[in-house]
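Both complexes below contain chain A, partnered by chain B and then by chain C.
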Partner chain A sequence: MKNSQLYKGSLTTIVMKLLEENGRMYGYEITQKVKEITKGELKITEGALYPALHKLEAEGVLEVEIENVDNRLRKYYKLTEKGTSETINRLAELEEFIRNMQSIVNPKLT
Partner chain B sequence: MKLSQEQIERLYKFTRQHYVEYYDLQTELVDHLANAIEEQWQQNPKLSFEEALQIEFKKFGVFGFMDVVEQRQSVLNKKYNKLVLSELKTFFSVPKIIGTVAAIGIVFYFIKSITLGALVVQSLFFILVVLYFLGIAILMQRNKKRNKQNGKKWLLKEIMFGYSSSAGLINLPIQFALHLKGENYHDGLLLLFSFLLILLGLTEYIMLVLIPSKAEDFLKETYPEYKIAN
Partner chain C sequence: MKATKENIQFIDTYLENSDVVYIDIRYEMIDHIATGVEEMMEKNNIDFYNAFKDYMVVHKKAILKNNKSRYNYSWDTIKQFLFFLVKPYQLTIALLLFVFYKSVDFNSYFNKDFTVNNLFFLLFISIALFQIGYFDFYLKKKFYSIESSVVIINVIYWFKIFFLPIFGRKNVSEVTLTIFSYLIIGYVIYFIQQLRKFNQKQFQLTQ
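Right, the complex of A and B next:
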């Protein structure tokens, strides 16, 4: 998808959904996972992902763990308890948004 | 193929060259770049380390790491402000509020009982402002020394030790004090002055003494890597 503006507002929801499914993940893993699921159609830019992660961390939605992997420190993110319940809300919101967009783009004629 | 220790060091240096001063952010970006380079090598083993690095860096866009750094700064500044606020709140809840109210009362009777009350209030505000700058200068000096010793900078630590954006805090009392004129103030106003003086004094105490003294705990809580790296 060329137009990144379209999914920008949903970036945090995408991240939370992935973490809900996969437990803990690190930044690079998230970018790859999104690419894999969408078969390369949707690319999360590095410059947007990390600010989003840091913001969620500050909001108490995510917490971090550090591990030493391959000569380097790796920062893993995972949902907090608050984050888990927040994810359900945001997913519901996103789904509703998608439904609304669909009815605007593709209005059913009655 | 995995990156060697030297190549990891090179990546740390690369982030520093691109204006990422803080170790906490460097670490995350280094791991990201390292993963991406290793991924590139899987597809094209002939690619040199530097070439692969340049390709990955380009993906961050024209501003490089600036966005990431700026956002992190604003997030941690907010965190710091929240920290100050939550400490301040404890002085206005049981049991500390008893002391706070008593202190306000004492200041109130003091400025009420003396002549030239406005001048005294002005001087008190002025003293608090001077003390603030003095305190910040001392904190920054101490932090600089410590940074030299181990070479790693932590963003939240820098904020706690004097780089916070607290100009508003200082500007307000100065403006306030400058506008004080005349002699006979209403009791209610005097009470307000006393309250503001104590509030400012408490905020300074929290920012200059309390939070720096607990800094290690806050840092360990924010950065799980803090313990490993130091």
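Right, the complex of A and C next:
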């Protein structure tokens, strides 16, 4: 992930936001979507994404559906009811963080 | 262009040889790699093996990071168990255990030949043997989603060594007995829940 230290803490929120918008997604699709939205600026690595997805699944934030696609199994992730409300909270937290950072980095704009 | 069954088998063998031992982790990695390789095959109009080689040159390190065998000892698993222990119905079990130990002179059932510590040791051994039997002889394959729970019983075991008197020279307090009984019962219930979830997923995998 580019600038990994800055983005690291926001990875799960990014994933949850994408799932909120797209319903259900699989791992590769998530990495490509992030790349597409950020025009290649932000690349989520496999080593960071899957442990994060498994953690969210274990916490009951995500649930999975497994399907047989093109000779292999594909694991789709989607938000649970708990996950949907958790996403709202985390996005609010992230927005507040961005606002605070904006005030510090560029006070003239606030 | 889509990867054939042989191509998928090739990726599976490659990952297994790269120490990605857990099948459920491997399923996901296979799909991830196969999708990336298929994209490359179409984009560059090359065959599977060349696309695979090009893809892995760039992504191998990231794919194997955190997805290899060492993946199973995680603080998240322990944290999840701790959250489970403080659920109201679990705490009710703890309260009932405390009342039980308060009303029964539990220490009187033990002597120097068979101490409370021996009893707990037997419980740990029984759980460990059950898990070894289930993983190695019943499933015969490694699944991260279920084997990750093993770290919890290891931690409880080490915790026991520090808190229970080994030689039975003194009586064990009701609080200590409650804590360890609660941890073991809690773990058994937690493990059964994980097994149920795992079996539901297994059902999906075999559909």
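The rule is simple: the second predicted complex is superposed on the first by the 106 of 110 C-alpha atoms of A that agree within 3 Å, B and C clash if a C-alpha of one lies under 4 Å from a C-alpha of the other, contacts with A are read in each partner's own complex, and residues count from 1 in each chain.
FYI, contacts are C-beta pairs under 8 Å (C-beta built on N, C-alpha and C of every residue); 3 or more make two chains touch, one makes a residue touch a chain.
Because the structure is predicted, anything quoted here is derived from the model rather than measured.
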Clash-or-fit label for the pair chain B, chain C on chain A: clash
Touching partner for A:17 - first (chain B), second (chain C), both, neither: neither
Which of chain B and chain C A:35 touches, first, second, both or neither: neither
Which superposed partner A:78 touches (first chain B, second chain C, both, neither): neither
Contacts on chain A seen with chain B and repeated with chain C across the two complexes: 26-28, 45-48, 50-51, 54-55, 58, 64-66, 68-75
Chain A - residues contacting chain C, complex: 26-28, 45-48, 50-51, 54-55, 58-59, 64-66, 68-75
In the complex, chain C residues that touch chain A: 2-5, 7-8, 25, 27-32, 34-36, 38, 59, 61-67, 71, 76-77, 80, 144, 201, 204-205, 207
Complex interface listing, chain B residues touching chain A: 2-5, 8, 27-32, 34-36, 39, 59-61, 63, 67-68, 71-72, 75-76, 78-79, 223-225, 228-229
Touching residues on chain A, where the partner in the complex is chain B: 26-29, 32, 45-48, 50-51, 54-55, 57-58, 64-66, 68-75
